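Here is the structure we will look at, set down as structure tokens.
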Amino acid sequence: MGKGILHYDVGEQIELFLLIKSATKGTASNGKPFLTLILQDQSGEIEAKLWDANDDDEKSYAAQNIVKILGDVQSYRGKSQLKIRQIRRTGPADGVKLDDFLETAPLSIEEMQSELTQYIFEMKNPNIQRITRHLMKKHHKEFMEYPAATKNHHEFVSGLAYHVVSMLKLAKAIAALYPSLDKDLLYAGIILHDMGKVMELSGPISTVYTLEGNLLGHITIMINEIGKAAEELGISGEEVLILQHLVLSHHGKAEWGSPKPPLIKEAEILHYIDNIDAKMNMLEGALERVKPGEFSERIFALDNRSFYKPVFHK
Amino acid sequence: MGKGILHYDVGEQIELFLLIKSATKGTASNGKPFLTLILQDQSGEIEAKLWDANDDDEKSYAAQNIVKILGDVQSYRGKSQLKIRQIRRTGPADGVKLDDFLETAPLSIEEMQSELTQYIFEMKNPNIQRITRHLMKKHHKEFMEYPAATKNHHEFVSGLAYHVVSMLKLAKAIAALYPSLDKDLLYAGIILHDMGKVMELSGPISTVYTLEGNLLGHITIMINEIGKAAEELGISGEEVLILQHLVLSHHGKAEWGSPKPPLIKEAEILHYIDNIDAKMNMLEGALERVKPGEFSERIFALDNRSFYKPVFHK
Amino acid sequence: MGKGILHYDVGEQIELFLLIKSATKGTASNGKPFLTLILQDQSGEIEAKLWDANDDDEKSYAAQNIVKILGDVQSYRGKSQLKIRQIRRTGPADGVKLDDFLETAPLSIEEMQSELTQYIFEMKNPNIQRITRHLMKKHHKEFMEYPAATKNHHEFVSGLAYHVVSMLKLAKAIAALYPSLDKDLLYAGIILHDMGKVMELSGPISTVYTLEGNLLGHITIMINEIGKAAEELGISGEEVLILQHLVLSHHGKAEWGSPKPPLIKEAEILHYIDNIDAKMNMLEGALERVKPGEFSERIFALDNRSFYKPVFHK
Amino acid sequence: MGKGILHYDVGEQIELFLLIKSATKGTASNGKPFLTLILQDQSGEIEAKLWDANDDDEKSYAAQNIVKILGDVQSYRGKSQLKIRQIRRTGPADGVKLDDFLETAPLSIEEMQSELTQYIFEMKNPNIQRITRHLMKKHHKEFMEYPAATKNHHEFVSGLAYHVVSMLKLAKAIAALYPSLDKDLLYAGIILHDMGKVMELSGPISTVYTLEGNLLGHITIMINEIGKAAEELGISGEEVLILQHLVLSHHGKAEWGSPKPPLIKEAEILHYIDNIDAKMNMLEGALERVKPGEFSERIFALDNRSFYKPVFHK
Amino acid sequence: MGKGILHYDVGEQIELFLLIKSATKGTASNGKPFLTLILQDQSGEIEAKLWDANDDDEKSYAAQNIVKILGDVQSYRGKSQLKIRQIRRTGPADGVKLDDFLETAPLSIEEMQSELTQYIFEMKNPNIQRITRHLMKKHHKEFMEYPAATKNHHEFVSGLAYHVVSMLKLAKAIAALYPSLDKDLLYAGIILHDMGKVMELSGPISTVYTLEGNLLGHITIMINEIGKAAEELGISGEEVLILQHLVLSHHGKAEWGSPKPPLIKEAEILHYIDNIDAKMNMLEGALERVKPGEFSERIFALDNRSFYKPVFHK
Amino acid sequence: MGKGILHYDVGEQIELFLLIKSATKGTASNGKPFLTLILQDQSGEIEAKLWDANDDDEKSYAAQNIVKILGDVQSYRGKSQLKIRQIRRTGPADGVKLDDFLETAPLSIEEMQSELTQYIFEMKNPNIQRITRHLMKKHHKEFMEYPAATKNHHEFVSGLAYHVVSMLKLAKAIAALYPSLDKDLLYAGIILHDMGKVMELSGPISTVYTLEGNLLGHITIMINEIGKAAEELGISGEEVLILQHLVLSHHGKAEWGSPKPPLIKEAEILHYIDNIDAKMNMLEGALERVKPGEFSERIFALDNRSFYKPVFHK
């Protein structure tokens, strides 16, 4: 599809198909309505304003439509903004489809599935293995497609599965260095820790929180799921309680959403692994957009810090 | 049984049957072992030291035994302490039994049961009523006997049921003043909010935390219970989610153990009612032991404050 | 007066008399001046922009004027906004008056006065009763008319008296359940706790802080008033000190404005009662504007939470 | 009186008259009572244990008695402790009197009085001057004798007046460098800021908090005093309000006891001056007891820090 | 140069030469570009919008250019704003130069230099004196010209030197009142404490942070400088370590940027002196712009407080 | 040497050579002196009391002496304590030497040295490599022998080098999973991050803080060292600044001692790696002392949590 929207510099003209991620109506200070469009392709997203938007525009340029745009990349308050010269909705003749515009995980679902199967296969404790396999099967489709969050990190199609697979690899490497770690617990804890997101979030695109997500949250939802799985499988050992504890405590502190802090060694390490993979994802995302010798945009979930790319990192 | 241990003043001599609540062995600074006994009757408890305790003493004066003591009430660091002159273990001939020494709720189990039944009966929403009744039935025995906590407030036999009944009365009065409140939700939320304690705590006496209590806590345990109850009863309406939210949020804030804050009006009010009844129980307990014109002992759960009893409160 | 401004839905056209609560001049991004008007009637308030406002407009449409407006209710950033088609200032011929546009307490001043008199009459301690009656008499007019705050809760004409009467009813109900509470102290504490607002705030409408309010605050002001009252009445018992303490500590913590936390049982309960009535007022206000199945606007003073109205709350 | 108790090193034998500052009874781990005595002379204080203390000892060696002691200075957990060999109560024949054992300000009451008079004399604003003079006169005796606190800083006889005089000198120096400061306000604020301590504290020796001190605190007490003074003097200008604000805000922040932070330039500076003089007093006290190259004892009110005395500070 | 821009009231017309401090391009809500200009002369600065700015305008009205403006002072959200009627860039014929528009310290560089020399001359400890003199010489030019900060306080040409000279005078006055203070340490600590700013900041005008400033900060930079100076001078006594500690700890707390809190008496006092001079500078700056009886703008670095100027401060 | 002291259960009798780690004199409540001895061998340490200790005992049983003890392992407040029956100082005839009693890293100095050499060898950036090699050479002896801390983690001989080697392995594994990481920076940052401890701490045994450690801390000390190394090697590229930043920021937050937070990706990851290795060391240390189904002692540096060892972890 040629160069993505994120790779155009300020001052360049673009002529691109873009997906409308969201469209919000506003009233300009001259009293006329306008639309704020967030436009995206697989390279990332950009904001654009459509001035003097009438009712037809509002319908034509709603979220999830694909448009063809002729315009200029400008700078506004230090961020890129698209100045629209021409815009039109696409039709069948344009030969474009939704999937071409969505950011997705760098691994295919098949590759990730194969990794996950292997890690579950390696588990030696049958109770832990059966519960994990049961829940993976139950939520399989959503688990492979949902993002890991609505923003901050892994906020793309299949982001949840990709985050989990990356954590599993990290866990394997760490467990090799500290052999006292129970790999079964680590692997199962990683696979289950965010699985509740398939009920907390609405789906892979235009993701919002469900009512259950708002009132209970993915941690509490998942504790229930583990409880039900154990009952259905007739498993009652301490493993059930420990797996629930791993999920319950993975945010690390009460004020971060875990009513119990980690009280098992593997729960503590799971919290660290989750943190490293999430932060690496944010850091790589922010730094790939800057040149050596520059500071990145501020990253909210990293205490709003702006990171520097050394000049010798050419 | 005559005057309780708490009603003796410093300087008085006592000759009483007392229950050993706990016995901890220590080594005195002269190298000899001693026992720290917490002795109780229904009026309250007092500490005593048994010096030069040998191995037989350690066995005879273990927790849950009833002893007969001759001694003097003394003052040590501003608290009463019992100086033991004579101590002996009781036998069948003494005609004393465990129940006579345990602090219990001021209402009988029958009275409280009758109140609870009435409140459940008054519920109009059948889903809410059925779930509440089901869980009350399932955990009935423990619910009527357990304390509400190991310390701080309602830490006596049947303290949990007494706390719940007091809260229900308070809820009824408040709902009469603010008619927009949903009484069904309030009553059900109150009955269920601490019910998980029957699994978090070990039992009505010498209460400690269970492993499940340590690793999950009564809130998470109870969310599971409501989920299971709904499944068994075939109820799937929004009421299930809302009841789980009421329990989940009743500590008010993440740092106090609720991963979601109250997001329903009745959840917010439930948190206030819980707070008022717990704090009134602490305040009344602390102030009944001081005379007008004096300050109470410091109350840890009230920010370690010491409360004053006005002189005109004779 | 027909349907209030708050009861029109987005898309509806209105033709209404409205009171200008505030008018702020701004410069549009095209360099021309405009007015931001907050318009109100007894149902609530709505924002409107008056574009291209000249100097005459600025004078005509100043705060406290009543206008007749023809316009459309629109949505702007999730809040309703009024698009003005025609606006004119009203004159005597329109037969409208200020009082018809002000939100006031749901009870009349006479009803509230009668309640207050009764509660003071019930006090048994003559010192407490005389001080309360003296101060009520001294500040009577303002006490019955002032709001309880400039925003957040009870921010309407007679809001202060209404808040106090609601708290008194709550106190009566609570004292019936916990008989150890001193009703005289509770009632007097409630009547006096916010009375300093009649000096902290400027008046019942377009309320702002006075210099005394800014530099001392209503709590400190009221401590002085109680001291003076006691001196004038020749009362010197511990009751004076305790009443001052009740007022001083009613915000509960130093960081919330009480240099001493509650150190009297009734002071602690007064703080809870104040909290419940204020929060119920906010919650009811926010939730009456949403439909079942929706979340309310964020409520700043409730940690910026958005509350959910269950679907079964039809 | 020879070398003071603080100037004896560990290992030295002493034979001294000492004042009993406090005496607390305890029970040793062998079951026998003992007394913990805090003994003082003008150089400072030291702890001593009197083992196997009988009832007569308890009476003889109560607080405020002067004793003659033969003993050894020992080290216990890094602090000096006195091992008592012989102790006896003194009588008229010993020719010792209370005043000889109390730590007092390094300036005489006459000197401090003269300084205070001069600063009040220099005030140009008659309202400020009259209120200050009136209150100084009203509380004169206590103001000249009370300590500034029960511990931490200026905790000696006439400590309050000494602290105020030191602050006045500091204010004069600072105002000379920043001429925009209003010296009248600064001087009056300094003289009045802690004057409420004469009602908050019980007296110059064995100082404890009064009930009024506990329930209201010296800041609130003093606001009342300024209000009364203004009324008695018939002064009603903004100066009254500003003086009350200076006192109210002098702790700087709500969580440190000032319900309003400084909102006047002189109030802000008053807070800094108070801080500097209090901290200098603590630092000098702690450092005069250590040798160059050593760290001082931890100073609780300075975040529990231990300060180093450089080797080149011989 | 006549009346400065800050001394014009809202409503007045101006015709002035002004320096463009910064110029930021924006897009108006009608889609057209505009420039936000911050214009300054020695009296202070004002914001102005230049609507419909074309590319030529963007070049002509860039930062550091001097312009002649005809316009009106207006009020926008409580702050003054300049409405531009005519604007033109100046040329040699206008006879204006950069220095005439920059705010500078109220003392000349020569006066400040002479003060600094005198304070260094008074030092008695040769190690302290030599290190201070060496570093002062090394960074002399920048030290005399840099501001003390990019905003908040002493943010003008030579602000750093002026801040240091004011602190030295304050130190002299305080040391006279507390003779135990080591004047050498105080003076050297004051001169060195912020000297690292000559490497942390980019220069005297349009000041931004350097990379070294962002990644290390002026405190760490200066520790290095003292270390190097000592090495070059062959000084190795405890004085080096103590001077480094004075600089390291001068922000007072870890969360304010000092990894070690003050652990030397003079370090503690240095922190207070720094604070007083910085805050006095902010307070005087904010209050000179308001009339008696008014509140100042909010001062961010003083907890966002707004300060009141008493009516009797005419 | 047979079974270590830590492997004896309560109730067992021991006859062992032990090293006195520390000896503190106290006064028993009967007035007689005693010694609190911390005794250690390579398995760990235990506390013992030596009652009625005379002056000779104090000299014989000072720290760093090896003693032979006959005694019983007892339990005191949940911790093991040694009851001494016989104790005697050892002499040459006993054939025991200091090294046999010290806990040391599980890898030999040679093994660790070889690992370190290899990691430095792998660095590709010559500036980074040269600085690292230079500093490693300069502080080689101490770096290989010092502990990583006085308590909490890696508090044993060669603990610093062992901690660094473990972190390097972890870094290698993580960098393999996230190839965007600069391995040179990570490896150099890890080797240098705590090297300042060789000046902050006093040595490998009986470790305390040096004056430089107290007043500057290991981070600030090391920044200086890197600066000096670069100067000596004539290196001036951005690498010097970045290496200083890595060391400066490795505690992650200002309140944890890093005046600048990580602003380079590798600095952020270095902080996580440091954390994981330190916490794993604490967790393994605490859990190896408990049996499956038990909770560990509380670990202060892990928020005082007590960790559970699952029953299925046999």
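A few comments on the model shown:
We call the chains A, B, C, D, E and F, going by the order they appear; numbering starts again at 1 in every chain.
Rule of thumb we're sticking to: a contact is a pair of C-beta atoms (placed from the backbone, for glycine too) under 8 Å apart; a residue touches a chain by one contact, two chains touch by 3 or more.
Here the structure is a predicted model, which means the values were calculated and not measured.
Each step here moves to a touching chain, and the least such steps from subunit C to subunit F number 2. Within the contact network of the assembly, the step distance from subunit B to subunit F comes to 1. With every chain reduced to the mean of its CA atoms, the largest distance from subunit B is reached by E. Here the CA centre of subunit C is 44 Å from the CA centre of subunit E. Centre-to-centre spacing of subunit B and subunit E amounts to 61 Å, using the average Cα coordinate of each chain.
Residue positions 29-30, 211, 214-215, 238, 242, 263-264, 295, 308 of subunit F are each in touch with at least two other chains. Shown are all chain pairs that touch, namely A-B, A-C, A-E, A-F, B-C, B-D, B-F, C-D, C-E, D-E, D-F, E-F. Listing the residues of subunit C that touch subunit E in their complex gives 25-31, 211, 214-215. Residue ranges of subunit D in contact with subunit F, taken from their complex: 28-30, 34, 49, 51, 74-77, 81, 83, 295, 308.
Those residues of subunit A whose C-beta lies close enough to touch subunit B in the complex are 211-212, 214-217, 219-220, 223-224, 227-228, 231, 238, 241-242, 244-245, 248, 254-260, 263-264.
Contacts from subunit B toward subunit C in the complex involve residues 125, 166, 169-170, 173-174, 176-178, 180, 182, 185, 237-239, 242, 261-265, 268-269, 272, 275-276, 279-280, 283-284, 287, 295, 302-303, 305-308, 310-313.
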